[in-house]
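After this come two complexes, each holding chain A, first together with chain B and then together with chain C.
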Partner chain A sequence: MAVLFSLPNEVMLNALCAQFPCRDQQIRSLATLLSVRAAPCRNLVLHGLAATGKSSIAKTVLEYLSKRQTNGYANGSTQHDDDELRYAVIKSAECIGGRHLFEQTISTVSKVIGRSENVGRCENLAQLAVELSKLVENWTASEQDSRQRLVLVFDGIDRQRDAPPTLLPALARLVEIVPNLTTIFIVTSPRPNFLHLPGVPHLEFPAYTKPELLQILALTEPSPVLPQGTKETKDVWTRYSSAIWDSLSKHSGRDILSFRSVCLRLWPRFIRPILDGTLNPSPFSRLMVANRSLFQNDSILVPALVSNPQSTALVPQSQSQSNLQGIAIQLPHISRLLLVASYLASYNPPRTDSTFFMKAALAKRRKKGGGTALSRKPGTAKSRKIARKLLGPQAFVLERMLAIFLAIEEDAGKRKGKAALNGSADVLMAVTTLASLRLLVRMGGPNQDVLDVGTKYKIAIGWEVIRGVARSVGVEVEDYLAD
Partner chain B sequence: MSDHEDDNSHAGYHDTDHQSAYVYIPSNAVANEPTRPSKRRKIGKQKSSDEQPGDPTTLEFDALLNGKETSEWIQRRHELYVRAWSHTESQIQSILDEANEDTLQDVTKFVQESSQERFDQTETIPSGFIITGPNIASQGLLFDQLSARLRAEIHGPAVILRSGDAPNLKAVLKRVIRDATNQKNNLEDDDEISSGLGGRKLLNYDLEVLHTFVRAQGSQAVIVAFQDSEAFDTSLITDLIALFSSWSDRIPFVLLFGIATSLDLFQERLPRIASKSLRGTQFDVEQTSSLVERMFKKILAGGNAPLRLSPSLVASLVERQQEHAQSVQSFTAALKYSYMCHFFADALSILTPVLGASPSLDHLQPEHYEAVRMLPSFKSHIKSLVETQDLDRVVDLLEDDTILLDELEACLSNKPVLHLLRTMSVISISLPDPVSSIDLYMATFDGTLRDSDFVDRILESTKRMAPDELVSFLQRICGVVQDGSSEMDLDGWADEDEEFLAEIISFQSQASDLANEASKTGKPIRSSYAIRSQGLRTTVIAQRVQLSYEDSTLSQQDKQYTTLVDKLNDRLKNYFDIGSPQEIFLHEVWLYDSMLPYREVFTPKPRATIERALSAPYDYLKCECCESVEGLSSTHPATAILYQMYLETCSLINVFDLWSAFFEMVSGGDEQKMEERDALVLFYSALADLKSLGMIKPSKKKADHLAKTTWKGL
Partner chain C sequence: MPGAESVQKRGRPRKKVDETLEAPNQVLKSILTPSKGRTPRPKKSVVFDKTDEVDLGFKDIDAASTKKSMGKAVDEPEAASDAEESPGVEDASPEQAEKGDSDESDDEFCKICMGLKSTKKNQIIFCDGCDFMVHQKCYDVKEVPEGSWFCKDCHPDGDEELSISQLAPEAAIYLPDIEGFAEHLEHMQRVLLDRLTGQKRIKLCGHDEEMQKVHQIVEQTVLAGEGNSILVIGARGCGKTTLVESVISEISKDQRENFHVVRLNGFIHTDDKLALKEIWRQLGREMEVEEDPSNRTTNYADTLASLLALLSHPSEISESSADQTAKSVIFVLDEFDLFTTHPRQTLLYNLFDIAQSKKAPIAVLGLTTRIDVMDSLEKRVKSRFSHRYVHLSLPRSIPAYWEICKQGLTIDADDAVAEGFDGDSGQDEFLSFWNTMIELYSKDVNFKTLIESQFYRTKSVPGFFTSCILPISSLSTKKFKLDSLAFTSNTLAVSPPDSKLHTLQGLSELELALLIAAARLDIILDTDTCNFAMAYDEYSSLTSRHKIQTSSSGVNALGSSAKVWGRDVALGALERLAEYDLLVPAGMGAGVKDSGIAGRMWRVDVGLEEITGSVDSISTVMAKWCREI
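Let's turn to the complex of A and B:
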């Protein structure tokens, strides 16, 4: 006679806890809630922020549980050998659309159960339920006298693309139709009652605290080891990671992954004085002082597309500046002028156009120092005005931008004796090019008729860039910008 | 109205009403057609009858010389064109291939390395960012070359995605999978993949398909290249990156991004989560401007170039490059068009010295001789002969075709151009700092070289050189004369220009003698130009300071050296004094100088043309009833009248006001030249014309009003 209830194997749990430090409670609960002879539940929600170990712990626990548990129970009863737990993990991140999720589920389950033949198409939730129950019934029917359990893990199901609206409640109710099934939902933060089912156990994976993070990080081996030996290395590493946490990662990138990557990235630079022989590891404060620029520079927190560890933090601003200058030089002359005109059209209200761009108004504006038509007496404004620059770009029609373009092109005045640009196809081609480079954004979705005069555009680059671009073509944007 | 149209309009509207564009078939043409559509099986025959004019006996070019040109010569022009252009095109292609060679190598190496170090880092995809510059047109070529190269050298599929064929995630994945799996296998193998999975059919956008394929092939890397990354929807790229990074433990993805603006702008657009999972390397591509310069040297200034462009045409080409397009393709297209125009429209293009074509001028037609006598260069040739009192020769040339033929054959050598080009390459080598060869070419072919800044700078710099520098400077010149310039396809011309070479060598030996002497005595030699000629001398006499100028003392060597430099300068000045190509007899044959075709074809102004046609219809109609002045006139077409009224309105137009003004104009006030209903028809059709041109649209702001959407002159 088999034991009806037994707690999960302690040896296994200890191994797991050693593998995932600071997650003892979650591992124990999970093992209890999943193992066949403990307290198997039907639905289970694991939730927590990113990089708190939800998926990997669930997967590892299931892997342990699904092994035939002979070692631990060698001296006890042998009926446990008949217990069988199989699991299937479905990553929502890899599923495009609901149907793909169903197909994926069925094919994984059939692979796990070992019955890959004659599985039909699976296009909606109803079919999923039918196919799944057929599979599981076949499986359980073959081995009658043992306890069997199938665990379905839906990883990141809350991020599923194109999910049918009833997806979550329906998946939660699968267990009512399919026997011997446990469904695990791994989500970031569950809304209250999002499964529309009462009494579903929730298991929270809280974010790691500082001591926990440091404890985990202490297990990592930093890549260049100090010449003084591993013990010193470990010592410095611990104190160094604590300092990194306090100065950088505490405020941004608090999760273990980004914390670790920041630590690893800065480590070679941090210990450079030691490797050079200028400093010793022993007074840590001295190392800190020598490297204080590392801890003050938060640009390391921004993930760089191109990783070159030498220059990331040492050249923080100048390089990006020169890159932005790059497009100013690379773009053809007319495209640059068009960009400037688009910026003006986006950030100037249309009613000020006559002040800035009409020839008659030009002399007047210059004489009075600019913007006379707009200046009002203080206190007369009905509502508080927010600076236009802060409001973001506004949409404009092409016609207006072209008018502004011709006005500033005349002012830039470098085209003496060249062909006039009015109505030229080259200009419109340049506009299209800018739009496909997404320096200009075409409004109104992909179905918008491009030839329609009413099509609106918006500038997509900011003040700093446009000033450089404008100067490269001899236009001073401030002269034309309202307030 | 024909039956055909009645059939269509019985429901109250044409089926063309809802199409944005359709071919308009005038009603009389429709009436001539058989009412029934022709049967399908007839089409095959029709095609063959269509093909008949395309048989080899017909000529691609029209007959010139008032239609009297014989087919033999027409054929010859065409042959010459094909030969000349294929020569140039192969040169262009080799330059383009060379240009991207470095980038291709780097990227291939990167892909190979990334596939080896794949398992070091988890969940980050190795990705290459190829900064191509803002010229989108050249990206296509680069990525084609890239995919060919990668397919050849990397074991694994390479897929190129363009923003146009990627509307959503599913479509992109389908495309990736289809392109990746079809590359090495044909359809039968495709079936094998799905059956390999136990009979279970996979969705065609499931990356599992790709996974199976990769496992079966043992692929090294799966390369997905985004050709124009900026034009992709950002959310689409983010989704793809998330998906790929999730699969990256099973499928060895490598991403390539073609970036036209800059890496920073691209990164700003990507969300943090996407950029976190990329591990990138940056690659730079040779910029278009330097590429165009290289092509220019080879193709226009090259020694073997069959046809050269005049400086003014080059200037407008270069201007367009700088201001608008900046693309190699447009440059090539303009070049090709010039070739086409030259050989198509100039009967004398048979004389063009194309490399590898044998000039046989035996059977020239009398019209050809006539055409030669009309050339401006022939006229100036005659004029110069008259000035030298060689009147017999003038008469012979004007009257005797055989003598003219001899003269033609004598003048057809490439020599005068070669002389220009050689001088040009000497100048470019002797300039103290590198200059754009395009500017140099323009100066050379303008005939303004001798007074140009380039020559001045060379002469100025030789004056200030120390003897050692001068020796190496002369050595460079000798090198060019002896070995030629590979960039410009010039062979050495030491045999033909022995005199100059000998002089240069003698200058060189003198200078080196002086330099040796100087190194013995330890006193540096300088020319009088390099030393300030007058020194300021301060003397103190009776506690007063007196300033006086005095000539610096030049040593004997210095004086010798100065005279040497002076001689050299005179010789160089003399050498650089070359004539303008426009003075060379028969320059029309190899110098293409006509701006109009280029302007019309490559810089169209559709909008300005429509506006001009509507506001001044006389310019196009040339009818008798209208005058050539702008402004309203009742004789104009209705659309033009309406357009001119439209120009005077503000942004909202009252239709009734517009109609009354129109009716007033058309009917001529009280004279009542036209019925109101007829006028109304004209008004409606004119209004429909304006609407189809996108100039007006119905407004919601006010009832019975139209919104004005365009302004003239933009």
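Let's turn to the complex of A and C:
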């Protein structure tokens, strides 16, 4: 009797669908395309944006399918107990190079099919194919007359570092060499024909829509719970998450993970009025009004190493302010001046230097104001001019920066009433320090002398920071900027 | 003849509207109300006589809809509904009918041919959405629909018939009375799915001549010991591998002992050293040469030398064993064009040289998609190549394409035994039933659209097969319904996305706004690159302009959508855009690594005019940004 066809177990599918809401279609298709008795295809691409459940659903479906006792089928026949499906997940994010990926693959597969012997080196695709087919042949030879299938999952393979150029098409052709193999590629957004193979099934995991996101989030249990009881909590939580979506998550971080984390992080502060006893959960609008600032503050969305919602909420701006001052405070006076000079050298075109920094031209410039801008007729340019500030820093030679430094140093000294700089030994030392702090970025080859007058540098800090630094040394950067 | 007149015009309910207005206890209706709730009729029964004919199996094609293809089987219910309807219309009082006639007779003419005549065969029908009226034939309406009919303007997608047939309530599922139907179905599904998923090869259609050519060459190598080389050129998915493999399997039926096959793939064996090692391994395994662990350390030259020795005619090496006949070796080089990129093309040179100088009986079969592959061969390699080619073309017409695709959906008589249909009870009946069903199905409009779209876009047979996997596997005795919906619906689609525009749907508002701002810069600044600062500046100026406009006009409903998000948040959004490949890095100059994500130059990979169309619920503001520069 030839082997028959049967779909995966309906009970199992329903359990999976309950575990991952709003992904019915994907789960069913995936189970059909992987199950040994259904339609096991050879290559399969799962694609979708971040946090749409690609990896976790694939893994869970495979886990269910690989359990021997549960892989009963839709038509209830028990004669297929000898079916066997094993799977190996290889995460590209954990592999630092092509070779690492291959060796990881081999070792995972040998672990999965129960061969403990140590696998040696595997340097290239050819070797991978050979080793894999050896492993699989050994495995299938040991158990005769049963349908066996190995599923290889390459998670995030499109982000593999140092991948050999033919990695993807070659992996897609493994199935032609290795019997009983299914390869799954999990990618973010597939390029057209990236496997160079026609007719590979693609399953899309679309981004969750707002109702779906809210439905999923409703399953999360917020903590702490309101004193009024769990039902109240659930009610408030639902409306609260909807409000968070409309005010914050819709605009930035619309995937389920960041949405959930934002909701959970803001929840304790949102319900504080209730816990205090000042407000009741019943008129939700009053709760909203009381927490208005919570929904208008986007600092929660800024990724930070230290996630401390308390402090970021109380001092949203001043923290970054103090951060800026931190740099200004930590650096000595000369270094700060050098930074300002570097900024000016980076953002001013060299031809304007004579207007800004030459002593003779100083008075003239003040009189003239924006003379150059007026001389041009409006509307002559075909396209809008790009503000120089937006173009980013340009490279400058060290010599020019030092000249600018001397010019503004005098100005700063005049304003603060400090004595002029005596000696120049410190200056070059300060330049190298700034370069090693990566506040200045050295351009060009590594064998260039750091302090050669012709060495090119670029400033690595932006306008907001430099303004604070400049004020701390008594220089107004606007006075010297060309536009 | 008022009665006859009204029967003729049963396709439209104008007169009935009049009736309902007069009837006191009927719900009031406006003219524009679609006449869904017309005179209630008993539910149609679509259960046929089981002995009548082979069942068609398409429950989605409602018998009551306008399909002609259903043939005789439909006649009965059609007639029944006729009978039901006509008396109902004749109930209308003679005055009313008269009145209706009198004003209809002046303005009832076909808008296309301006003819006034309405015959039984060619009636004038009326659109239920507007005042449009037309001859059946002028408008290409095969049969007067019983219910509402809409002209193309009122129903621009033209899928009226299909949607009716799909929405029709599912009639009782009917299965033909064949012994062991469920088992046969499962068996059939197994066989078909093995073909569809590529576990089993299908037969090659329409390339007999090419197949003959390859077959002859391989055969000559195996039998006569000739050295041969040939290139098989054809697009992806046109059956190059199938051709070669079927030739090899055919020859190996009776000559398996006399040749070895070595298969190499240009994607996997990326240089000559690896390829040689692989040849050595495959030959060694077939020739049962003991694999020496020290082999791994031997260098390239040694491997090549020993391989040449192995391949060379034994008589050349040692005179003593002249009577020994060498086995032929068939080299199948997949992605042949990639082998030409290997330095100095050593492998190709040696293989072609052996083949040409008859040192050993080998056949080199190169498979490639590139038609200009000869240009990339070096002169010395080219001169050793036999210049035999086989060009495989994709199917040229839809019937030819369908002929190939049909193999994934039906089993023809020759294959039936090979696939395990060995004449069990009811199997022949089942096969003929199944084949008739598929044959009929191929005439369905939806299905034709599917085939045509595949044909005109790719002509790829594997692509079609892939789209059939899920519909075929979803069949069961409980749900036996090959649904045209299943083949074409988007939820089940397993085809690759058309472009990266589909990712736009999943972007957050800020990401979308930044993308639009960056795409605008493309046009405004006349450069194709931009950096974060430029995009953010454009974004914030756009948003603040919008904010001023809305606040001045007093519209404050949009709330936070007019908010300018902070620089850090926007930078995170830009990072995600780059991750989704919507922004691609441009200008790999010096110091690119140092400048970080904010300082890098980016190129927007979508056009401004593409954005509006690919996001469903784009806000009006953003649509305006896309429109107006």
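Going forward, the second predicted complex is superposed on the first by the 422 of 483 C-alpha atoms of A that agree within 3 Å, B and C clash if a C-alpha of one lies under 4 Å from a C-alpha of the other, contacts with A are read in each partner's own complex, and residues count from 1 in each chain.
The definition used in the following text is that a contact is a pair of C-beta atoms (placed from the backbone, for glycine too) under 8 Å apart; a residue touches a chain by one contact, two chains touch by 3 or more.
What you see is a predicted model, and the numbers here were worked out from it, not measured in a lab.
In the overlay built on the shared chain, the residue A:Ser189 is in contact with chain C alone; chain B does not reach it.
Using the contact criterion defined above for the overlaid structures, shared-chain residue A:Asn124 touches chain C, although it does not reach chain B.
Looking at the shared chain after the overlay, A:Leu4 reaches chain C, while chain B stays out of its contact range.
In the superposition on chain A, contact of A:Gly444 is made with chain C only, not with chain B. In the superposition on chain A, A:Arg42 contacts chain C only, with no contact to chain B. When the two complexes are overlaid, the chain among chain B and chain C that reaches more residues of chain A is C. Legend: residue contacts after superposition of the two complexes on their common chain; A:Asp452 is shown touching chain B, with no touch to chain C. Comparing the two complexes, residues 302-303, 438 of chain A contact chain B in one case and chain C in the other.
Looking at the complex, you find that chain B touches chain A at residues 20, 127, 129, 133-134, 136, 163, 167, 169-170, 173, 197-203, 205-208, 228, 230-231, 239, 242-243, 246-247, 260-267, 269-270, 272, 275-276, 278-282, 287, 319-326, 599, 603-609, 611, 694, 697, 709-711, 713-714.
Of all residues in chain A, only 91, 93-94, 96-97, 99-100, 103-104, 107, 110, 116-119, 121, 161, 258, 302-307, 320, 323-324, 326-327, 330-335, 399, 402-403, 406, 418-419, 422-430, 433, 436-439, 446, 449, 451-454, 461, 465 touch chain B in the complex they form.
Interface residues of chain A, counted against chain C in their complex, comprise 2-7, 25, 29, 32-33, 38-42, 45, 47-50, 52, 74-75, 124-126, 129-130, 164-166, 169-170, 173, 176-177, 188-193, 196-204, 206-207, 246-247, 249-254, 295-296, 298-299, 301-303, 382-384, 386-387, 389-393, 395, 438, 441, 443-444, 458, 460, 462.
Put simply, chain C touches chain A in their complex at residues 182-183, 186-187, 189-190, 193, 196-199, 236-237, 241, 263, 265-270, 274-275, 277-278, 281, 334, 338, 419-420, 458, 460-466, 469-470, 472-474, 476, 491-497, 499-500, 502-503, 505-511, 524-527, 531, 533-534, 537, 559-561, 563, 565-566, 568-569, 572-573, 576, 579-581, 590-591, 594-595, 598-599.
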